[in-house]
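What follows is a single structure, and I will ask about it in a moment.
The first chain written gets the first letter, and so on, giving A, B, C and D; residue counts start at 1 in each chain.
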Amino acid sequence: METFFAEFIRWLPKVGLSHFLIVSAILFALGIYGISTRRNAIMVLMGVELVLNAANINFVAFSRYGGVNFDGQVAAIFVIILAAAEAAVALAIVLNIYQRFQTVNVDEISTMKE
Amino acid sequence: MELFDIAFFVFAFITVVSAFIVVFSKSVIYSAFSLLFTFFGVAALYVLLHADFIAVTQVLIYVGGILVLMLFGVMLTNKIVNVELKTGTLHTIPALLLVSVVAGTLGGLFYSTWKGDVAPPPPPFESTTKTLGEMLMTSYLLPFEIASVLLLVALMGAAMFARRRTKT
Amino acid sequence: MSQELLMYLSVAILLLPLIGFVKVIFFGKRLPRQGDWLETLAISVALLLSLLVLYQKLTLYHAETLSLNFTWIDFHDVPGIGPLKIILGFSIDNLAAIMLVVVTLISTLVHFFSIGYMQGDVRYSRYFAFLGIFSFSMLMIVLANNLFLLYVGWELVGLSSYLLIGHWYEKKSASDAGMKAFITNRIGDVGFFVGIMILFGTFHTFGLTEIFEQVKAGNLPFGSEWWLTAAGVLIFCGAIGKSAQFPLHVWLPDAMEGPTPVSALIHAATMVAAGVYLVARTFPLMTADALMVITYIGATTAFISATIAVAQNDIKKVLAYSTISQLGYMVMGLGVGAYSAGFFHLVTHAMFKAGLFLGSGSVIHAMHHALHHQHDHHTDPQDIRNMGGLKAKMPVTFWTFLIFTLAISGVPLTSGFLSKDSILAGTLAFGNLTGHILIPIVGFFVAGLTAFYMFRIVILTFLGEHKSPERFSLIHESPKVMTVPLMILAALSFFFFYSMNPLDGAEGWISQATQRPETVVPASVAAASTEVFEEAHHHAHYTAMFLSLAVAGLGILIAFATYHWKKISADKVAENFSGLHKFLLNKWYFDELYGVIAIGASLRLTEILKWFDNTIIDGIVNGSGWITKVTSAISGWFDNWVIDGAVNAVAYISGFFGIALKKTQTGKVQTYVALAVFGVMVFYFAMRLL
Amino acid sequence: MEFSILGVGALTWVTFLPVVGMIIVLMIPKEQRNAIKWSSLAFVGLQLIVAFALVMKFDKGLAGINTQEGMQFVEKATWIDIKSVAWFGRIHIEYLLGVDGLSITMVLLTALISFVAVISSWTIDKSLKGYFALLLLLDTGMMGVFVSLDFFLFYVFWEVMLLPMYFLIGIWGGPRREYAAIKFFLYTLFGSVLMLLVMIALYFSVNVYIDANGVMYSVTEAMQRGTEGLEKIYTFNMLQMMNPGNFVPDSLLAGLDTSWRYLAFVGLFIGFAIKIPSFPFHTWLPDAHVEAPTPISVILAGVLLKLGTYGIMRISIPIFPDAMIHYAWWIALLGVISMVYGALVAMAQTDFKKLIAYSSISHMGVVTLGMASMNTQGMTGAVFQMFNHGTITAMLFLIVGVIYDRAHTRGLNEFGGLMNKMPKYAAIMSIAFFAALGLPGLSGFISEAFSLLGAFQTFRTLTIIGAITIVFTAGYMLWTLQRVFLGTLPEKWKDLTDMDGREMVMLVPLAVIIIFLGIYPSPVLDLMNTSLNHLAELLHTAQGAVMMGAR
C-alpha cells in the first residue's frame, strides 16, 4: 500500500497515456450513469454523447502514444460523424415521440414491451 | 511538473467536473450547458494530444452542431410557457452499482496492465489536417464514402421523422 | 405426226378423265344431268385420241418406244451415290398403245351403259366422278415408264375400286367388301413396294429402261441373283393382289357388291388385268425361278377359281370366279413365257368379260325392276336359280351374252379361241421344255371347266322356263344406251379384229406388235430363250388347238346334258359328292380360313398389344409413379415426425427460454443499456478467465 | 444472309411475335373475348407471314448443319457473360439464332400449325385470356427450339414449352386432365434431365477461343490466327460442339467411339425419344391427346412430336456421328417397333382420339426409321414426313374436334352413315385419312416411301418388316372411315350439321397443302436437300473415320 501511494504520487504529475485513459474512463462511467438514470430522453442522449467522447479520447490518445500513425484520429473523425448523425436522428425521434405521447420521459414510453 | 502537465490537469478537471454536472444536475438546461464545458475540455485534451484537426472538429460539430441541436430538442419538447425543466432520476441505486462495477473493472484493468508510462514520441510539429485528408481520400475512402451516405440518409431520415404529421 | 405430239396426246388422254373428275366432284350436283355427259364426253374424246395414238404408233413408230420424261425431285449431289434425280415419265410402246385403247374403249362403253343402269341413283354424280378418277389412274399405270408412277397408279386404282365397290355403302356388306378389297390389295402392294425398294436401293432409279440396262450390264441387286429373283417375285406380289391371284383372290368375288358396270370395268376388264400388264412390263427382269413361281401361282389360281365357279349360283359370283380363273390363265401364260399370248388374252378377255358383266347387268337390271314392281325384296335378283327363259324377253342381251360365252369357252371364230389356244400351246411348250407337265394338264382341265360353267349360266338364265310367270311378264329388254355397248363388245369378240387367220392368233397384229422382249437377266438364271420357246410353241400349236377344242366341246356338252336336256341330274351329282360340293360352294373355305388366321389373329394381336400397352408399359410407368409416391409418403412421415420433430423441439426450447427471458424486456431504455453494459462486463471477464 | 425487319432480325420476330401477342392479350380486359381472339390470331398470322418471307428468302444452296457460314438469317448477341466464376471459368452464352434446311421447314410448319390451332380455339369457353396467353407462349417456345443454335438457349426454349403445355392440358383438358398433364410433365421432364446432363458434359468438353468483341474462334482457327488477345472458354454453341477439333483432349466426351460418347448419345436419344415418342416411351401420348382440348392436340401432334426427331438430327447426329453409326440399327429397330406396334394398338381402339394418337406413334416411327437410314433419301423422307405428319395429323385431330363439338362423344362405334349427313366433312376427312394411310397423290405417301426406300439401303430386313405396317394402317384407317361414315345413320345423330365456314377455313388449306405436296413435293424437298446431303456426308465421313480407327 505504501509503495502504491508512493508510486502514485510519483506517477501523477508526469502526464502520460494513462492520464488520458483515466479521464476517458471517468467520462465513460458518468455517461453510463447518465444513460441509466435519467428520465428525460434528451438527457439520455447527453449521456450517450459523453460515452462517445470518452471513446474518442481513447482513440486519439492511443494514436498519439501507441505509434506514429493517424489511424486513431481517423477513427475519431468517424465517431464524430456517427455522433452527429445519431444526434440528428435521435432528436428527430424524440420530437416524434413527444408529438405522439406528449412526453419525453423514457419510463412512460414502454410500448416496446410486448 | 511542466506546462503540459498543468494544462492537462486543468482541462481534465474542467472536463470531469462539468461531466459530473451534466449527469447529476436536476435541470436540463444546466446539464446542457455543462455539456458545453465538457466538450470544450475534451477539445482541449485533443490539443494536448497534438490532434489539432480533431479538436477543431470537436468544437465545430459537438459544440456548434450537436449541442445546439440538443438545446432545440429541449426547447421543443418542453412547454416554454410552463417551464418545468427539472427532470427526475430513476433507480439510482442499481445504476450506481452498475457504474461502480464498470469503474472497478476499468480500474482493475489499469492496475493489472500498467507497467509504467512509455515516453511519448517526439511531437510532430505540423498540422495533422493534411495527413488526415490524404488518409481519408486513400485508404479510408470506402468508409468515408459510406459515412457520407450515412449522413445523407440521416439528414433525410431526421427531416422525415421530425416533420409534424398532418392528421393521420 | 411427231413423237412429241403423240406423247402430248397421250398425256392429254391421261388428263381428260381427271379434269372430268375434278369438274364433276365439285360442280356435279349443279350441272345439268348431274354431269354424267361431261365425264362421258371426256372419256369418249380420250378413246378417239387413243385410237389415233395407236394407229400412229403402229404405222409410224412400230419398233420404237416413245417417252416423255420430267425431273420430279432433284436430290443434287448425294453422298455415296453422286448426282441423283428422280426422273418420272410416260412412254408409249405397242403394249401401252394397245392397252390405252382397251382401257378407254371399255371405259367409254361402261360410261354409256351406266347412264342407263345407274339412272336415278342417289349418288349418280359421284359415281361418274369416281369412274373418272379410275380411268385416270388406270391410264397412269398404262403410260408409266417407271415403277414409281406405276405404283402411284396402282394404289389410285385401288382407291377408286374401294370407292366404287362401296358405292352403296349403306349396305354393310358393300362397305366391308370395299375394305376387304383395299386391304387385300395392300398386302400385295407391300410386296410390290419391297420389290421397288430392292431395285431402287441398287440402281437409284425408278425408270424401267434404266433398270433393264443396268441388269443387262451385269449389275445385280445387292450383287446377287437371289435378290433379282426376289425382286421379280415381289413385284409380282403386286400383281397377285390386284389381279386376284391365289392366295389373295378372295376380295374379287366380294367386290361384286359394287354396281355391275363397275364390275365390268374394274373387276373384269381393266384394273384386274393391270397385274398381268405389270408382269408384262417387268417381264425382262424375271428370272427362270421367278417365272416358275408366276406360272404356278397362275395355274393354281385358274384351277381353284374354276372349280369354285362350277358350284356358285349368283350370276355375278360365277363371272367373278371366271374372271379370276382367266386372270390365272394370263398370268400362267406370261409365266410359261408365252408373252404375247398372255397379253393377247388380256385384250380379248377384256372385251368379252366386260360384255358378260354388262350382259349380266342388263339381266339384273331387268330382274331388279320386275322385283321392284312386285314389291318383292326377298328374292335375289342375281341368283340364276330365280331366272330362266329370258331369251324371249331379252333377245339382244341373250345373243350378245351367248357370243361372249362362246368366246370365253374358246370356240373357233371367236377372239377367245385365238388367245386361249395360244396360251395353251405355250403351256404345252413349257411342259415339253421343262418337264412341268402339271401346267398344261391344269390348263386344259380349266378350259373344259370354263366351257361347262359358262354354258351352265347361259342355260339357266336364258333357256328353259322362267320360275315365276308373273315376274316374267314384267321383264323387259334394257334401253338402247345399255344394249348398244353390248353389241359393240359382241362384235369385238370375233376373230377378225385381231387376226385374219381364225385359227392362229400369232399372226394377228396384236401378237406381232407385242413380241416377247429379250430378257436382261444373266443367262444362268434366265428362262428358255425366245427362239427356243417360239420353236416349241409353234410346234405345240396344233396339238393345243385340237385338245382345247375337244375339252371345250366336252364341257359344253356336259352343260347341255345336265341343265338343258336334264340327262344328268345336277342335284344328284351334288348329293353324291356332297362333301366336294359343299367345299366348292364355300369357295374352298378361304374366307373362313383367312377370317381365322389373318383377321382373327391380327385382331386378337391388337387386343393383346392394347392390353400390353395399357397394363404393362403404362403399368411400369404408373408403378414407378406409385413407388415414388410411397417413397415420398415415407419420407413425408420422416419429415413430419423426425426432422420436423427436431425442428419443433428446437423451437419449443427457444420458446421456453424466450418466455423466461421475456421478463427482462421492460420496454425501458435504461434496462437495456444496463444489460448491454453488464453483458460487456460478462464478456470481459469471460475473456480474462479463459 | 441478313434479313431484318425494323432493325430486328427476322428470326427474332418469328420467335417472339407470339410473346408480344401474349403481352397484348394479357392487357385486354377479359370481358372482351373477341378482341382477345382476334389479336391472338393477328399475331400468329403475322408470324406465319414472317415465316413465309423466311422461306421465300431462304437460299437453297447453303447447307448449314455444322457451319455457321451455312446457317442463314443468323442473329448473334452475347446473352450471358460472367467473367471468371471460380473454377467454372468464364461463362459466355450466346443468343444465337439461325436456320438451315433442316429447320426452315419446321419453322414454316410451326407457324402454320399455330395459326390453325388459334382458329380452332375459337370455341374455347373457359378463361379465354389465360388460354390464349399460354397458347402464344407455347408457340414461342416451339419456334425458339427450332431456331436456336446454342444448346443452352435450345434448352431454355425446350423448357419454356413444357410449362404452358402442362397448364393447357391440366386446365382446359377432359375429365382425366390432371392425370394426363402430370404424366406428360413427368415424362418430358425426365427426358429433359437426361438432356441437361449431356449438355453439361458437352459444355465441359468443348473449348473455343473468344476475343474481346465476343467473336468466337474454333481451336483450329485460333491456332492459325495465333492466340494472342484470345481467351479460352467453354461453350454451349452447338456448331462448335460439332467440330471434333474443339474437344478438349482427355475430356469426358473427346475422341471417337468411346463409351462415354455412347452413353451421352443414349442419354440424349432417350430425352428426344420421349418427345417423338418412340416405342417404350410413348404412353404419355395417348393420354395427353385424349384429355387435351382439340387445338392443343393439334399442336402436340403437329409440332411437339417433331421436336424429338428434330433434336436428334440437329444435335445428336452432328455431335455424335460415331455413336449414331454405332446405334443406328437399334434406333431403326425402335422405329420399326413403333410403326408396327402403334398401328396394331391403334386398330384396337374405340376412342377416335386415341386411335389417332397411336397412329401418330406409328407415323413417327417412320420418321425414326428414315432418320436412322443415314442417307439422303431416308433422311429427306424423314424430314418430309415430319412436315407431312404435322399437317395430316393436325387435320385428323381437327376432324375429331369437329365431330366432338357436335356429338360430344368420341366413341367410334357410336357413329355411322355420316357421309350423307355431312358430305363436306366426309370429303375432308377422307382426304386426311387417305393421306395418313399413305395413298399416292397425297403428301404422306412420298415421305413414307422415301423413308422406307432410304432405310432399305441400310437395313433390309427391318425395313421389310416396317413396310408391312402400310397394310395395318390401311386396315384401321378404313375401318374407322367405315365406322364413322358408312352404313346407316343412327337415330340420335339425325340433326348433326355439316362443317361451318370457320372449320372449312382451318381444314381446307391443310388439305390443299397435302394434295399439292403429294403431287409436287419439290418446293419443300428443295429447301432441305442441300442440308441433308451435307448431313449424310458428315455421317459418311464419320463412318470413314470410325473404320480407320477400328483398323
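Everything below uses one rule, namely that a contact is a pair of C-beta atoms (placed from the backbone, for glycine too) under 8 Å apart; a residue touches a chain by one contact, two chains touch by 3 or more.
Here the structure is a predicted model, which means the values were calculated and not measured.
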Original post:
Looking at mean CA positions, which chain is nearest the middle of everything shown?
Top reply: D
Subject >> Distance from the mean Cα position of chain C to that of chain B, given in whole angstrom >> reply: 112
Original post:
When the centre of a chain is set as the mean of its C-alpha atoms, what distance in Å lies between chain A and chain D?
Top reply: 75
Original post:
Just curious, how far off is chain D from chain C if you go by their C-alpha centres, in Å?
Top reply: 36
Original post:
Where does chain C touch two or more other chains at once, residue-wise?
Top reply: 670, 674, 677
Original post:
Residues of chain B touching 2+ other chains?
Top reply: 90-91, 94-95, 98, 102
Subject >> Contacts with 2+ other chains: residues of chain D >> reply: none
Subject >> Chains grouped in pairs wherever the two touch, ordered by label >> reply: A-B, A-C, B-C, C-D
Original post:
What residues of chain C sit close enough to touch chain D in their complex?
Top reply: 72-81, 84, 151-156, 159, 162, 166, 169-170, 172, 175-176, 178-179, 182-183, 186-187, 189-190, 193-194, 196-198, 200-201, 602-603, 605-607, 609-610, 613, 617-618, 621, 625
Original post:
How about chain A: which of its residues touch chain B in the complex?
Top reply: 11, 13-23, 25-34, 36-43, 45-47, 49-50, 53, 56-57, 60-61, 63-65, 68, 70-71, 73-74, 76-78, 80-89, 91-96, 98-99, 104-105, 107
Original post:
Touching chain A in the complex: which residues of chain B?
Top reply: 1, 4-5, 8-9, 12, 15-16, 19-20, 22-23, 28, 31-32, 35, 38-39, 42, 45-46, 49-51, 53-54, 57-58, 61-62, 65-66, 69-70, 72-74, 76-77, 87-92, 94-96, 98-99, 102-103, 106-107, 110, 114, 116-121, 128, 131-132, 135-136, 140, 143, 147, 150-151, 154-155, 157-162, 164-165
Subject >> Complex interface listing, chain D residues touching chain C >> reply: 183, 186-187, 280, 282-284, 341, 344-345, 347-349, 375-377, 380, 417, 419, 434, 439-441, 445, 449, 452-453, 456-457, 463-464, 467-468, 470-472, 474-475, 478-479, 482, 485-488, 520-522, 525-526, 529-530, 533, 536-537, 540
**OP:** Please give the residue numbers of chain A that touch chain C in the complex, ascending.
**Re:** 32, 35-37, 41, 44, 106-107, 109-114
